[in-house]
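What follows is a pair of complexes built around chain A, which joins chain B in one and chain C in the other.
Now for the complex of A and B:
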């Protein structure tokens, strides 16, 4: 157990710091989880309770809530409130469509670009890499006025495409950089063998590189998906109502709709977050190495 | 060598360079592999040019015009004059500067401390890393709402604590200084673990024998940190600071959702002008151009720092 600590006191001090860090990091999540589960009486109690007291197995199974697609499962009252809310349901569905399509487009065009940038020596390689990187420094708000005017002319306001188009732009740097790094680490032998057998670059890319890169493409796709899932500025600017508004735009409005129903607001926040937290925990090793690659390679 | 033959030589070299450049430009498109490369980057390039470069140039152009639903008039710098005489703009600018300096400063100090502490093998390292990535995955809008719930008067845990400790009088969310501070705390919570992960990755590529050498030379722990760790970590630090500063500078989601759009940053200010009233679109657009130019300046500053460091190394 003692991995090179000089004294037990060192070990205790070290783990105390680690535990404080873990506690502070998880506290807001756990606290809001508690808010979403307890009864209103407990929610408004002063001083606040530290451990949830009004949550019992019985209260958890008390109601059944209709989820998207008619699946029914036991859930606490506040979650029922948000799952029944038609605007929230539409928001979740819109988020899924927008994030899904953004991810597919980014992976398709980003992986081709990344392959060329990783494998082929051509003149525009470095300028294009810098240009793509420059997008991640770009403040999104700088283009909302021109996009709003142009999309208005094109009749795109309040459609999925109004959000997907800028989302693709801002997710692309991450997609391209992660895939360039991934393709570079892949051995070239198999592609070369395919080329000797008469395959051209497209065939080598689609038949050899892509199948070999599935783990890297999945991680990259996941990060792109998270970006689009969380995006707010463009969605808030370019959509108007539940026809296209994703959940990130709908949820802040709950402050007005459910003024003092803090439990429902907490539940809505969790519904939008928990899928991501689970995905991220599941893929954490890959995500961390993907995200920190930029910091160590410069 | 005579002057005449020297110029002749130079002329020959120049034509050589020119025809060489021409040959290599042609080579870019006659070589099938390179030609394919251009086809492969084309969609990405089009997205970047059509959705980023085009609109930003259009935004700069529009910032000299008054745009109304029934047409536009050229008004020189009037939009910028309107901006600079609006106290709301200065309020938003001050909020943005304070937020950026305070949150990036705290995130860096805390993140570096955590990274240094965690930079060793220990039982539970994987779990610690997994926990650190959780706040990063949160939608910023949602983290804003979560913190608002915790600052809220009747049910918020932090409102209760602040009240018990006598830190603020009255509701936190109604006090503009407290709200800004609250936004900093929320951002520090969300991003510090990520900064720590970035710096930890930087620390882990520093080879152990550098420390061995420093120890042999009799360097204390603190000297090892300032003379060995910090210089070698500089590139990772600058990359982390660059991304964090630009992120904080364009803050929008957090202010919007945490304060129910009461607190203005430069981005929130821009949004309000662009979207809430058609009459003010041009002024908002001028503010957007300023956000763009200031971000560009920040990026160049950091890249210059990074570049000189790379040359020294």
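Now for the complex of A and C:
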């Protein structure tokens, strides 16, 4: 049991800090979960309840939710509201498309740019890297209005591209920066070996560098995907309806002029967050270090 | 198979660092050429220029009869073995070896045949399905060799391929690489900082210092007739002992002083080094190889003026020979070469100089293992006076025939 702690007091101290940290991090999420389960009466109860008391289950009817198909099963009321809402379902699909395409574009352009910056020594290398990093600090709000006008002229408003283009612009710098760091850590001898073995620069890149950078590429791709998945500002301004609106923009729409359905919003937020959690947990196992072990002297 | 020619090849890195300066080198078809020198002498840079991994600032590199300065590495038809092996970690041993052939779109059956054959030669058959990380250092080294062999290239380039192996394995691989190269008769350029490797493996050896070529020759030539103090000190193990002395002429013969011993130079030395006469009455740097000492008890018929007495500080009997270390009260001029050698031996040049000025010049001699010399006791040693080496104090150049006369 002793995992390198000097005394039991150390262990207690360590786990106390971990528990506090975990609680602080998870609390908002757990609160949203509670909100999504309870009835409206409990939602607005004062003082608020800590544990959910009035979980209302409704039978989700067949055919209404394409994800579930023909099976009937009990489902909290708020989730049912969310699942049968066609605009939210379209929003989820839009989110998936936007985040997916953004990630693919970022990784394709980013990996090549990063490779060049990592391997080619030229006078402007450092300035370019600094510039790349600086761009990612640029406030998105500042360019929204001009972007809207430009996209309007180009006829891009309310298309996927209206969101994908700014998403790529803002995610790419980080992609490049992270990948430069990864590529620089790869022993250059491996690429030299490939070149001597008869590979051109593309073959060396795709058959040696990329396979060895999988952990880095997966991590970077995941960060990009999460960024694009959660993006709200551009999507809110540059898309208008379910044709291109991602779920983040749809969630606030669970409201009428006079009331806001907080329960449904909480349920929708959870539904939107869940795929990311699963994705991260799944890829966590793929992000193994030491993939390069054995390449060089060990 | 091809010859490799370097013509006035210079490599300048950013900031005007000259890594290789006007290197001229002809490597014959099928020859095993070793580039040797202390770290930072430009040997690896020279090799990488031949490989095409480093651009050539000036001069020409030819492989076969083609100038390859602007030919990318992939089109040079060469194979390289890296110091850290640089095996592709995500590929099996088989795929590592087959990679180059696959890129060259060699037919599958042919690839398999060549890989299997190389694996056979290198004893890797049972490891073909393994990833490099599941191999020992020696096995990885073999895979790196195998990757070079299967390509059947015009030339092998090897960059200190054995430096990561332990001593025993290194000796074994040394002979193995030599045997493979001999069987395949592929032109090979081999970089090492280990002069023993250089001497045992090379058909010819090229000694470099600070980016400049010092001497190219067979191991025997380098050992017997080093052109400079640097080569003399770098080649040979243990390394040559040096001291400064005035060259005195008397009765048609030449004598020199080593501590308070008066030593007569053998007649053969004089006939081999006609230029030495011009140094009569002047100071020269004298070199004696450790092997040219002998215990006076064993070589008892040696004349009196070929003997020195010294207190043995350390006696190392290693069976085949006995190494004795002793201090001689003889200063040595600190030329650039001397400093470079001291640095290579891990001694701070300044310490070395001070020690020498105080008259504490440390000598090493290898003598017959039957010798009975004892540590911390005085012993008499005989010098083979026909095997002295002489160097100019100013230029550090060896004093040989007329052509070496720098005056």
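Note that the second predicted complex is superposed on the first by the 221 of 298 C-alpha atoms of A that agree within 3 Å, B and C clash if a C-alpha of one lies under 4 Å from a C-alpha of the other, contacts with A are read in each partner's own complex, and residues count from 1 in each chain.
In this text, a contact is a pair of C-beta atoms (placed from the backbone, for glycine too) under 8 Å apart; a residue touches a chain by one contact, two chains touch by 3 or more.
These figures come from a predicted structure and were not determined experimentally.
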Partner chain in contact with A:208 - chain B first, chain C second, else both or neither: second
First (chain B), second (chain C), both or neither touched by A:7: neither
Which of chain B and chain C A:255 touches, first, second, both or neither: first
Partner chain in contact with A:130 - chain B first, chain C second, else both or neither: neither
Partner chain in contact with A:200 - chain B first, chain C second, else both or neither: both
Touching partner for A:31 - first (chain B), second (chain C), both, neither: first
Broader residue contact with chain A after superposition on the shared chain, chain B or chain C: B
Which superposed partner A:189 touches (first chain B, second chain C, both, neither): second
Which of chain B and chain C A:41 touches, first, second, both or neither: neither
On chain A, the residue positions that both chain B and chain C contact, one per complex: 121, 200, 291-296, 298
Residues of chain A touching chain C in the complex: 121, 187, 189-190, 192-200, 203, 207-208, 211-212, 291-298
Chain A-facing residues of chain B, complex: 24-25, 28, 32-34, 36-38, 40-41, 43-45, 47-48, 51-52, 54-56, 58-59, 62, 67, 114, 117-118, 120-124, 126-150, 152, 154-155, 157, 160, 189, 193-194, 197-202, 205, 235-236, 239-240, 242-243, 246, 249-250, 252-253, 256-257, 260, 266-267, 270-271, 274-275, 281, 284-285, 288-289, 291-292, 295-296, 299, 306, 310
Chain A partner contacts - residues on chain C that touch it in the complex: 14, 51-53, 72-74, 76, 78-80, 82-90, 99-100, 103-104, 131-135, 137, 140, 147, 151, 157, 164
Of all residues in chain A, those that touch chain B in their complex: 1, 3-4, 14-15, 17-18, 21-22, 24-26, 28-29, 31-32, 35, 43-44, 46-48, 108-110, 112-113, 115-117, 120-125, 128, 131-132, 134-150, 165-166, 168-169, 172, 176, 200-202, 205, 226, 229-230, 232-233, 236-237, 248, 251-252, 254-256, 260, 262, 265-266, 269, 272-273, 276-277, 279-281, 284-285, 287-288, 291-296, 298
